[in-house]
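What follows is chain A paired twice: with chain B in the first complex and chain C in the second.
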Partner chain A sequence: MMMQSFVPGRPAPDVAAIRQRIADSDISARLKALLDELQRRPQQRFKSGRRKAADPNLIHLLNRTSFGVSPADQALAEQLGFEGYLEYQLSADQIDNTGLEGFLADLLPSLAMPYQEILDRLEDDDFSPAVDLIVGTIIRQLFSPRQLFEVMTEFWTNHFNVFLFDGPVQYLKTGDDRDNIRPHALGVFGDLLRANARSPAMLYYLDNYSNTRFGPNENYARELLELHTLGVDGGYTEFDVVEVARCFTGWTIDPRADDLFAFESREHDDEAKTVLGVELPAGQGIGDGEQVLELLLEQPATADFLAAKLCRRFVADEPPATLVSAVADTFRVSGGDIPASLRTLFLSPEFAASSGQKFRRPAELVGSLVRNLQPTEGSDYFSVIFRELETLGQLPFFSVPPTGYGDRQSDWLSTNSLLSRWNIGFSIAYGEVPVGTRAGGDGEGREQPMADYFRLDMFELLGGARTPAEIVDQLVDRILHAPVGSADRDALARLAADGEPSSVPLDLSQAVAAGRSVLSAILASRHFQNR
Partner chain B sequence: MNGQGIALRGLAVALLVAGPALAFAADIEVRVLSNRFLPEAVSLTAGDTLVFQVEQGRHALSGAAQDGLPGLRSGTLRPGDEFRLTVSESAGVYFFESDGSADMRGAVEVLNTDPGFAVDTRVSAGWFNPAASGQGLLFEFVPSTGQLVAYWFTFDFETGEQLWLIGVGPVDGARAVLPLQRAEGGRLDDPRTVTKPLWGELTVDFADCSNATVYFDAREPQRSGRVALERLYLSDLCQ
Partner chain C sequence: MRRRQFIQLGMLAGVPLAGPQLVFGRDTGKGSATRDILIVVFQRGAADGLNLLVPYNEGRYYDLRPTIAIAPPGQNNGALDLDGEFGLHPSLASLKPLYDQGDLGFVHAVGSPDDSRSHFDAQDFMDKGSLNKNAVFDGWLNRYLTQVSGDSGETFSAVGFGNALPLSLQGATPSVGVRELSDYALAAPAEQLPALRESIVDLFNRGDVMDVVSQNVLASVDLLAAADPLSIPVDGGAVYPDTQFGRQMSQLAQLIKADLGLEMAAVDVGDWDHHDQERDALEPLALDYANALTAFHTDLGSRMDQITVVTMTEFGRRVAENASAGTDHGHGSIMLAMGGGVNGGQVIRDWPGLREQDLYRGDLQVTTDWRTVLSEALLARTDVASLEPIFPEFVGPTEVGLFQPR
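Let's turn to the complex of A and B:
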């Protein structure tokens, strides 16, 4: 097996080791310097009674097309309008991202390394492209101006999921992410599928590298049909799985190839096959697998399956059938054009009617805390972000099964997870809540409060609001961008007023304390937990 | 030393400000940590002394000069150092910061303990915001009950329709807190009962008999804010 020649014996690092590596690095300090350069924080001015209400449709779009609504993105969206901002985000390559990418290239050089260079450096003790990829992905999700691109990158990463620490995947995923997922995340689905079929990370993860005519392995064939294209109800049979597996015999990994992909004709089953009722003649070689991919791309079930999955991500756990059908039609007519399909989705009345119906997944929850609140970064700032994503269960590339991370509320909402979500909100809002010893987890030293890592400027958040009612309205407007209903507003005002009238101005110290209480309640509320 | 506001001295040196406030002066500690002040906001009265206790990091504390106040400059402080700042008689909010960490800000609010103005019949007049002429309030102080009556003639936030709000509430010094009701359903000189559902709440803070600020909390639609008011006419000068 060609693969055996470079599978290293080095074990995958565990999460604690990754956490420690991040804590021991200068990532937080360098990220802080970058953010100081990239995003001078706008001062939040309190405008008495005359705040221009945020356009709810625009906020809805921002919530669904980003990892959290930042004040800068909101301002840009208000300037461009709904369709203008959507087109801006769909044309991601037109968005200047040089500052962030230059920073990442300097901080995490392995992200740009070709496969061969990564393989050559595997014996270096301080070399861990997997950790670099995790760090780079989180930073991009949190700080890239190409937010919809990053959302779609995460979507397709999940769609073509590989577990990062499944053996050599930790060295192969960097190239897969850079060369196979990102170039096509807002491109054409067929290109994604073709690239993924040759991806050494996928070839290893689903065992196709060992799929030969002498020892067939059906794992990739099965997931190709069930998870990547047709869907479990897509009309294929067990016979099709076997036949597709035969078509991909000989697709393997060769460390001598630049892209590590090789087709070993001697290991390919070159007899005739039948897939989905279509006969593939004998002697096609690599053309068998290529024809299967084209056949799958043409299937209406593929468009239906992907449309449903996109609608589930962006609209509702159980999306309206009318919308799924419309998106599938666009997908088919456009030849799998992803921006066209997304355009149909986001401009639909079904999307407009779906505000607040999606539960924030952990990456979106943490992203919203960072992007919306814009905390001042303390030392070890990045470690806290990593740890919270770990606590909530959505570190990038950590999903073990090929299904990837779930996209329904039921996948994420449980008593324990909700408690963790509340704890994160409370610790950020109150600041002085201890969140353990060093975020790096060395188990020593004093209990450090969240504010050591992640500090809010309450003066900026309050923007001059001083009465309980002003404080509530200011924070609801700033964090949620939409009214919360009379009952919830009254409850928040009572919390802020602490028995006093809601229109009486508080002393500054009282106002700050009230602001922290209200903020904690908002972050714990369904209004923030949903999007 | 500028007598209007904050007085500063170097390490471990307090400036005693002469005056009656000294009888109640207190030291109020502010911990200086690596990236923040704790507490971040302090409300105190003239004569009190802020005591900055540096626990982590190196910090040069500063505060921009404002309202005629001199800037705050502590020089570099290290863990274990203390810096004291005594405030003189001036109400207001002053921000200070440290060069030890980006955006590290704190604030001190000097509360005005002067009983100053007390509401009486001198406030009974028309009041308005000169920047929003065409709407305003009528206040009427009722000495026999010690209550303030407010009539607010304004416009709806969203529809722009004329809005007439009425409130009555007790006075406490320079402040009155009034529930506001919205008069609805009436017709000119029509005996039918006007309905008056609760619209929200209004707090009126009188600085003197010519200047006031109202803080409102509207329940539906949900809106809060404040309006700075001036007395509309001054036929009777305040004394």
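Let's turn to the complex of A and C:
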């Protein structure tokens, strides 16, 4: 059954339309109310002279297991300790999240709608489950207390990437995210893989919905081997791709089924097949595909491939082979248990030694700005978050190819991207710099200063710091949570002092001005680009 | 200012590079005296050479593609005949005059000798110019850049379009990455900028990749502000499509006209992976591709004598269409070359045929190595000294007849 036959040919919204939709909504105002509730800080923690040096191992763990270190998470981690905080985040369903999820259920009702209800409402004015999903995902990444869970949700979303605006995927991804990815993000890999093979979003995106014995389509079969399990060097052949495609003939989308999945036995190639040297007898029906998934889950190459990918995400672009091997061992022995594999990874000496070695992808850069700085929300706070993710090129579900977003510095670093990253920091720190011209180049909002969107309380950020040296130490501690070395500290102090001695107190307006400059330079620096 | 000098200055912490504007510029005129500007367009996703450049005399083409084949010339929505055997997809019509005047030509049944049908693997090979994935990590264009311009090159010697730098340009010699020229400026308040730039120079002082990129951000921002390429008008009445590829080709033309010393550029045009409904999907893409290239040619006018544009893709599509009126991953596809130095007006091919026994696993055979085409382009149109570092495992041939010697 062709998806086109039941999905109306509504054009995919372009990014400018999504941006406008967000700007026209009351998301920012409602988000402000939520954050006032969630982020109410019990006490002023950043008084000059009363700072306790942060534990660098804890900060490293927080940096890698979240979208950005928030003061609240830092306080909690200090209370629980390294292993305690890791276990707390690994048991995500024990973390109270009712405030945020209640807010999202109210703001974005389509997130909870069954497939059939979404399909029934396609013609409704103002109904856009895809925009709801983008908004809901960004809000969860930025504000959920289940940070590692959200990090892993993003990891598996990217692993099983589908482009949100590939035809009807915009109506199918909501269910895929809710039913196939999130329940297993900190579960067992096999459950993710099995759920994904039946996901209508994936069946459409990689064309398996039209893979039949009359006309095989290899797209899903190839990516199942190359991207989802074995990896491109995982030891399969072109012949295996063809045979796996035959095994999945008839796995398709049924618009009448609750989960939209159907196995059409008439379209299934029911002859015998051979996959990775294993003979699958004729007449197994849907059992062919199911057996292929189990076969792939058992392959050592699958454990190796996933371990390497996890280590690349959490440790280094080229992670140490010893660590990859240890994580792969745990993955194999535990039957693909994701928390167990992550425990091996985060408790390893290789992880401990990797601080500062990962380039922040845009999601983590914007996440750090929001979670760490906790700006006082302006009139259109959410729009600027969306714009910056767009400018830097990592909106959720916007990666078009099945590989998803890259995870190496070289995938993200160029003169263009570094310039954009600097400019975001400058506009936040100085406040009056107009924003909007950098997103899509459409000139929208050219006159509006960043402070209208994303307002910082520089006075609060400074705590009691008044001399240039204090201002530097205060902001380095507040933003980076770790010292920057004496040469970089001196450079920042020169900027703050503006030719005066760095030990002489500035008056308040001078201190605020110095704070803005120092904040700009810190946000531009390698210390903030990396984590 | 030359790149090497710039980096050395930047490494001396505290040198007030940030204060006075950089001194730069050289009288480049039209390209370099010794080599063409090389523009490499990569059609990401595996473009269907058989529907873009149609072998309309092959009965098997129509047998195997009952719903998506392009009709022969003369029929409704038919191919545009080039040489009695091959015809252009009708959406590529704007390329026909360039072909007829000899500024544009094709190679068919061209591609990688590697077997992989993985986009990732095949693109990786073509971007790196090497199959040795455990030893070669940089791009072939970067190695070419290193050889011809190296440490003495201009900041703008090489430009890659997109959020990140295309892999073909990644490597030891820095390039400029551009997404959108109108956004390419520092957005701090003017009175704060000098001190802030000084701090940035101080903070990016270790000589690693991020430091080099950082120094090139400052240098490229200054060069652009002075040259103001966006103020340079489109010439010859050229009309670029209002698409990402159209805008990038338009801005590339402006960068060339701004005489910033541009030697090479890498531009991606994506979305060619038509596993389903290929007819509808290919039309707008082909139109965008052709019209952007044509506009670029018109816009640059006589400068095209010193410019070589090559387009490539990682592999072609299966000869037989699939059940979704699309095509799965195949093997041989096409390359296009455009410029004053192109032996245009011909479709160069060692045509393997489409009979069952002619196909390689159901796919069009590759009878010309993609490196042959690029090697000839480099040898004929540039002063490259050695191909060995650029395509390390390649043993030739290095002639295909598509390019005239300079």
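Worth pointing out:
Here is the rule we go by: the second predicted complex is superposed on the first by the 507 of 531 C-alpha atoms of A that agree within 3 Å, B and C clash if a C-alpha of one lies under 4 Å from a C-alpha of the other, contacts with A are read in each partner's own complex, and residues count from 1 in each chain.
Please note the rule applied: a residue touches a chain if its C-beta (ideal position, glycine included) is under 8 Å from a C-beta of that chain, and two chains touch if they have at least 3 such contacts.
Bear in mind the structure is a predicted one, so any value in this text is a computation, not a measurement.
Contacts of A:E238 after superposition: chain C is touched, whereas chain B is not reached. By the touch criterion stated above, A:D457 is placed in contact with chain B alone, chain C being left untouched.
By the touch criterion defined above, A:R526 reaches chain C but does not reach chain B. Contacts of A:V400 after superposition: chain C is touched, whereas chain B is not reached. In the superposed model, A:L80 lies in contact with neither chain B nor chain C. Set side by side, chain B and chain C differ in how many residues of chain A they touch, and the one touching more is C. Legend: residue contacts after superposition of the two complexes on their common chain; A:P505 is shown touching chain B, with no touch to chain C. In the superposed model, A:L347 makes contact with neither chain B nor chain C. Once both structures are placed on chain A, chain A residues 432 are touched by chain B and, in the other complex, by chain C. Partner chain A is touched in their complex by these residues of chain B: 33-36, 38-43, 93, 95, 101-105, 107, 109, 111, 157, 175, 177, 200-203, 205, 215-217, 219-227.
Only residues 4, 206-207, 210-212, 214-219, 222, 226, 232, 238, 241, 359, 391-393, 400-401, 403, 406, 409-420, 422-423, 426-427, 430, 432-434, 437-438, 441, 487-488, 491-492, 494-495, 498, 516-517, 520-521, 524-526, 529 of chain A touch chain C when the two sit together in their complex.
Of all the residues in chain C, the ones that touch chain A in their complex are 13, 44-45, 115-121, 160, 162-165, 167, 170, 175-180, 182-184, 186-189, 192, 195-196, 198-200, 202-206, 209-211, 213-214, 216-217, 220-221, 270-271, 273, 275-277, 321-324, 326, 328-329, 361. Partner chain B is touched in their complex by these residues of chain A: 32, 36, 41, 47-50, 376-379, 431-432, 451-452, 455, 457-459, 465-470, 472-473, 483, 486, 489-490, 493, 501-505, 507-512.
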